[in-house]
Structures are given as C-alpha cells and as structure tokens.
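Below is one structure, written out as structure tokens, with a few remarks after it.
To keep things simple, chains are lettered A, B and C as they appear, and every chain counts its residues starting from 1.
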C-alpha cells in the first residue's frame, strides 16, 4: 500500500524523499477527527505524509472542536506549538494569524497555483489575511441537509416528504405512530445549525446574506425573519422526546426509524454508511430542506504554526502541498464523506447524496459557512439563544427574534 | 472562640491515646441491648438502603461493562449480563481508538503515574512545611499568606487557566511534565496547607517549646518532632492528592502534549469518540479502569483515612 | 514556593481583573473598554440562569450534604457491626472523578434505559422521572449525582467529629435522662462547630467550582437549563474566543467569593490564636 501511494504521489514525493531521507522529520498534527469515518480519513493524510519520508505524529483530541480548540490555542500561545493543526474555515484562527504565530504559505500557494485549483475560491479567501495565505482548506462540509428515514414514514403510513412543507404536514402522523418527527441532540451547536438551515431554506439566500454577512439587524428583526422564527417554533414541537446528546445519537434515531428526520450537515452521511444503509433506499436526503437547493461551503482547514526548526518548516510546507494534491483529496474526502476543495478531481465513487451536493456545488448555488462570516463570539451567543429557544416553549418566536436581532446588530 | 479550641486540644490528646493503645475509636452512643431491637432494625435498615443507593451506580458500571452491545440496546441498565464478555475491558485498555492511536487507556496509564508520583510528593512536602510554619512560627505576613491560600481554595480552576499558560510560557515549562507537576503542587497547596496547619496546631505545644529550649531549629523540629507524629495527616494528604491529581483532566489536557497525556484524557477521548452508537460497555470498562487506582487506595486505607481526617480536618 | 503561590494566586487574579476591562478576544490585549464586558454579562440570559442555578444547587447541596452526612455519621456511630464495610461503601464514590460521576448518572437517569424505563416496564406506564431532559428539574438530577459523589467525605468528617466527643458527655446526658435526639441537637452539634466549619469550607469551595459534573452529565442542557458560572466562563474564554467576557464572569465569581467567604473563613481560621 505504501509503495502504491508513493507512486501516486509521483515526483513531488520522490524529491522529498531524497531531501529528507537522512532522518524523518516528525510532525505532530492536532485535530478533532475521532469518529470512525473521520479517523479513516485522517489515516489517508498520515499515510501519504509518511510516504514522503516524514513522520505523522497523530494528536487527536476527542470531543468535538469545542474541547479541542482551547487546547490547540493554548499550545500555540503557550509557546509549544504543534507542527500543524485543524481549524474550521473562517475566523477561528484569525487572531493567531494577526499575532504572527502562523506560517505564511503564500509562496507555496503561488508556486502551485492554489488560486486556480481551489473551488469555490471563497475557501481560499477564508485562509487569506492582507493578501497572504495562511491555511490549506482540505474539504467542504455543508449544513443544509434534511435526512429522512424511509422506515419511519412507512410505519406512520405517510409518503416520504420531498420538502419541508410536506415534512411539517406529515409530522402529526409520525407523532401518532409514536415516532419523534425531528431528531435533535441537546448540544447547542445542533440547535443553532438547524436554525441556520431553516433560515436559508425558508428565507432565501438574500436574507441569509444580509444577516450573516452584512450583519443587518433590521433584516434580522424584519417580517421575513419572523416567518423563519415561527417555522422554527413549530419545528421545536417536533423534536420533543429526542433524549440524546450527541448528533450521531440523533442520527441513529433516524437510522433505526425511531425518528422521521434530522436536520444535520453532510457528515451525518457517514453514520448511515457505517450502518449499512443506502441512500435513496433506506434513507433520503433533501439539500436545502428540499425548498432552496443551496449548500454552504464551510469545512476544515489546516494551519501551520511558526516553528524555529527549519527542518520542521520544510516538513510543514510538504504537508501543506500534500493535503491539496489530487490523489490525497480524493482518498481523504471519500472516507470523510465531504466534498473535495478542488473542482478538477473525479469522484465517481460518490453516492447519491454526495452527487447531489457536487451538482449544487457545480451550479454555484453556494453560500459561505457561518464560521466564515461570524466571529466565534457571535456564533457562541447565537448558539446560547438557539439552544434555549429550541428547548424552552415559554420563549415565543417574537422574543427570540428580538434577542437574535440584537445579537446580529452588535456582531463584529 | 476559646472554648472549642481548648476542647480540640483535649480531643487531640484523647485521640493520640486511642491510637497508641491501638483501640479503634469506640462509639459514644448508648450500647444496643438486643440484636433485633426496633432501633437496630431502623439503623441497619436505613444503612442498607443508603448503601444500596451508593452501590447502584457501581453495579451499573460493572454490569454494563460485561455486556455486549446488542444486549445493552434491548435490556435495561440494571439487568445482569446474560452472556458475560470481557471484550469491552480489553478494548478499553488496549484497543480503543482516538484518531490514529488505537492503544486504548494503556497509553495514558504510565503518564498518569509519572505525573502522580512527583506531584503528590512535592505538594505534600511543601504543604506540610507551610502548615508547620504557619502553625508554629509566627513569621511576618503569615496572616496575609494564609488568607491568600484560603482564597486560592475557592478560585475556580477555569479562571486561572489562562494566566498559568502565560506563566508557564515565560518560564519555558509549557508542555513539560515539570510544568504540570508545578501546577498540581500550587493548586494542592491551599487545602493541604489548611489541613497540615490545623493538625500541627492541635499537637501539644509543650513538645515544640521543649525542643526550642533544647536548641533545635526550624528544620530540626520539623523533621524530628513534627513529621514522626503526623502519620495520619500525611495519609489523608496522600489520599486527597492521589485522588485529585489522578482524576484531573483539565490541567492534564491543557498544560501537556499528547505524548504526556494522563489517563483521564485518554478516558475522555474514548468516551467522546462516538462511533455510531455510544459504546456504553467500553465506556464503563474504561471508567472503572481509570478509577481503579484511587479506588484501591481508598479500600486499602479506609480506616487510616477516617482517623487522619479526624486528626487533621476536624480540629479547627 | 510561597512566592510562587503569591504570584500565581494574586498575580493571576489581578491579571484576570485587569483584562476584564479590555476587549480581548482570542489573545489578551490591553485595549480598555470600561465596563462594557460587565454590561453585556448582566444582560445575558445565560449568565443570569447560571447564577440562579448555582444558588439553587449550592443551597440544596449545602443543606443536604450536611444533613445526610451528619445523619449517616450518627448512624455509623451506634456501635454497629460492619462499620468499616458501610463506611467504605459510602466513601468510595469520592475516589471517582466528577467526569465519571456525571457519566454514570447520565446512564442511570437516561429515560430510555434507566430508572424511568424500569419503573415503566414494571407496569407503571405514566411514571416520569427524566431529570436530565426536563428543564424544570434538571438541577435535581445534578444534585443527586453531586451528593452521591460528595456526601461520603462529609460523613467521614462528621464521624470523626462525633468520635471526638467525650464519652462523659454521653454518660452525663443519659444520667439526666435526656433523649438521644435532644443530646445530638442541643449538645453534640454545638460542640462540633469546628467540624461543621471545615465541612462548610470544603463543600462551599466545591460548589463554586462545579463544572466537570455539569459538562459530563448534561452539557448545560436541556437548552441552557443547567448552566453554571464556571462553564459560562470557560465557554466564553475558549469557545467564544472572547477572553474579556470570560474574565468579567470570573471576576464576578471571585468577587462573590471574596465578599461572602473570605472574611468569614478568615475569622474562623486565621483570626484564632492557639490556646497557649
């Protein structure tokens, strides 16, 4: 397998081997990819990197980015940086870059023409500060999916919905059959994410952009947004009794037919795959809730803290170049269930849902991810509000909207 | 204020006598007359019910860790395993994956030991000297120092997280074992110093005075008189520190790097690496394995612990 | 080492307070914005709920720990058989971390597998006990777990205190024909004042810091119904990447500690001179 990868990597790997053959440079990479599919995807990186004569030291930290990021930031600001680290696209590492703690990748990017290969180009923009490039986007993850269990709807004796309105109409039948219409875990980001999906699906891209990009408080307080809040208030009735914490436990409710559907990002697909379910047969996926076919282009990126050791710096650049190379992009994203960041690779092995995503991506019906447009602080405030709103019936749609508008108006 | 203090000295000497004679401290209540009196039934009944409540989670942990996943999905948490399997234990110890590392908890065990031993020894030495100085030597600023320590006992760890990152960075100790040991030592100081101070205060002052008259110095008195008389409180301190440091997650994960992560971090990684369904059986096995060290310390030293607590914490 | 402690505790505190008046985000920087962080803090629903939860949890935990701890200690002090066994059973949870405690109780209280499921399968279909998924009672779910973990230590402290009561006092009380419960309440408890004070300090310092238990058991949910201040501080500092907001929260916590606990603890411990 190793030799195969080496061949695949071609001359670049070969030259690296020549240069670094004396001693393998260890490179510790921190990330929070610990679920089955995620770990398999990371292994692709590691395998390819080891083949260049360097050594991938895995620094996985479990418990989602929320647990891992403080540790990574602590390491970097504490003067003991790792060789490379994962962050989500966008503003999470902004200040670390501003403080000059991150490696400048511009030279490499220009040499390899990242501007031309990375698609959509907004991904690279998120890595760019004052014209310099500081990170490597590795995949695209989109939030805007409604996952539906065929079995649940059959048990309830109704057709599998093809859009959100039909889903709402079918919900009482599901409830009558003892199903949870909408599975949702108790973590704040899930509530907030689902709300974002409802916003873009029912309110449209323009409204979403006004609020999340332009931070227009008036739009957030307006009548169009009021519709979205009312829809969400209705939807929170559907999520009752989903007594789970983690997102994939909620997905599991859909897989086992105990719940009708779940609003969750495309990473949920990995869970269906692990459970041996087939898209279109056992489960359905509706991008943009079947209303507004768009996907957001958030995802993961790798940053490379500045290191004193020139050997390590060299290894960092090799890793950066490797992560964006064609074969690694294909292997990694197939395992991860995410979309590649290059438009010029072939993903024949992708399943139905992934293909739907690729088609939308090719059509350019894309919007940036919340992480790219809002600061982590604002994101956190919205999460607090949303988790409260989704779990507490006493908060009316009007109250929640007023508070939401205030957060948006004060966003930085 | 004087009354209980005087009393505590009397109590202390009574305790010392008790220990010397080897008699376990006897109960003071009236002796029961019949074995099955109503009173006995109430006492034992209550205790047994309470003991069941306390044992229930342990039972659930053990039972769950011995079940296979299919059994967990259908059954309830209290049902005993139909088919006992040790697979979860093996997996928790040696096979559970975090990212690319599939070494289970075993990876963290020795790290935990390496963190634990120096931290416990160092923190106890320093806290006992502090307590001794505070109790027997009225040095300048002792009151201020003591107030700060009490304050330190109440500071939420999260608050100090960031300043310590900066401190360790400036000292160049960030990410090293030394840095973590230092952090544990500092955060163990408040409560431990309090315990040692209270204990040393309760020792008869005559001993200290006699030693001074004989010309013994600060260290002489500490090593030759105070330490040999203080076994119970050292036991308490060891137990508290072993428990606290072994169970620490926050400092371990923030101030070290992956190759030095303690077992609790590995536990968190296993518990939070949800792959499909939560593998409760592996989680529970991992939990028991992680808790084993402090649990063993407790079961071994239960009696000493109570006696030490009696001597150290109680005399105010 | 004394100097280190001073630097860490005092320096760290001062540093935190100073930076709470800035607009530091991911990295600390000295750009002062006055009381802005505090205004936002007290306008934030989640912070207010956190404070309320801490008050409820703290009060109940204090009362129950003391009462249960004392009653158990009194029971164990009746010259019973198997005292060591009972004591070990009551104390062992203290050896387990809050993370473990939270996990186990999350499991036991899970409505689909745990207690609720059992009672329902016994035929009582309408039985509902799902504290971790019901915002109104979630704080009691935390309390059950917190007490399970902590009362053993309190019991030990109390037991040690009871063992320190002079046998003659019991004899005298019996000679005077005072019933046992009255002896406990009017004679023994007042004599155990130092024990109660030590216990209070230990319980109180644990309450202010409560964090791990919440994270492991409920992650603050459902919604924000079981949030606590320490978690707010941590989340704002590290997840929200808004250090100053977190510092403002921690400064309020420290202030509360200073105002309520320090003068009192100092009077009890530091102000007293040894009786020589």
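Assume contacts are C-beta pairs under 8 Å (C-beta built on N, C-alpha and C of every residue); 3 or more make two chains touch, one makes a residue touch a chain.
Since the structure is predicted, the reported quantities are computational estimates derived from the model, not experimental observations.
Asks: Farthest chain from chain A, going by mean C-alpha coordinates, please.
Replies: So the chain farthest away from chain A turns out to be B.
Asks: Count the C-beta pairs in contact for every pair of chains, then give the pair with the highest total.
Replies: Top-ranked chain pair by contact count is B-C.
Asks: Provide the C-alpha centroid distance between chain B and chain C, rounded to the nearest whole angstrom.
Replies: 16
Asks: I'd like to verify one number: the distance from the centre of chain A to the centre of chain C, where each centre is the average of its C-alpha atoms, in whole angstrom.
Replies: Chain centres of chain A and chain C, defined by C-alpha means, are spaced 38 Å apart.
Asks: From the C-alpha centre of chain A to that of chain B, how far is it in Å?
Replies: 41
Asks: Two-or-more-chain contact residues of chain C, please, as numbers and ranges.
Replies: If we look for residues of chain C contacting two or more partner chains, we find 110, 234, 237.
Asks: Please set out, as single numbers or ranges, the residues of chain B touching at least two other chains.
Replies: Each of 161, 166, 268, 271 in chain B touches at least two other chains.
Asks: What are the residue numbers in chain A that touch two or more other chains?
Replies: 70, 77
Asks: Flag every residue of chain A that touches chain C in the complex, lowest number first.
Replies: Listed in rising order, the residues are 66, 69-70, 73, 77, 92, 94-96, 99, 186-188, 243, 245, 375-377, 379-381, 384-385, 387-392, 403.
Asks: In the complex formed with chain C, which residues of chain B make contact?
Replies: 1-2, 4-11, 14-15, 25-32, 43-44, 46-47, 50-51, 53-58, 60-61, 64, 72, 76-78, 126, 130, 135, 143, 145-164, 166-167, 182, 185-186, 189, 191, 194, 198, 201, 205, 243, 247-250, 264, 267-268, 271, 280, 283-284, 287, 290-291, 294-295, 297-299, 302-303, 305-307, 309-311, 313-316
Asks: Can you list the residues on chain B that touch chain A in the complex?
Replies: 97-101, 161, 165-166, 168-169, 172, 174-175, 253-255, 257-258, 268-278
Asks: Okay, in this complex, where on chain C does chain A touch?
Replies: Within the complex, chain C contacts chain A at residues 25-27, 44-46, 110-112, 130, 132-133, 135, 218-225, 234-242, 245.
Asks: So in the complex, the part of chain A that touches chain B is made up of which residues?
Replies: So the residues of chain A in touch with chain B come to 28, 30-31, 33-36, 39, 42-43, 46, 56-64, 67, 70-71, 74-75, 77-80, 82, 246, 248-249, 252, 271, 274-275.
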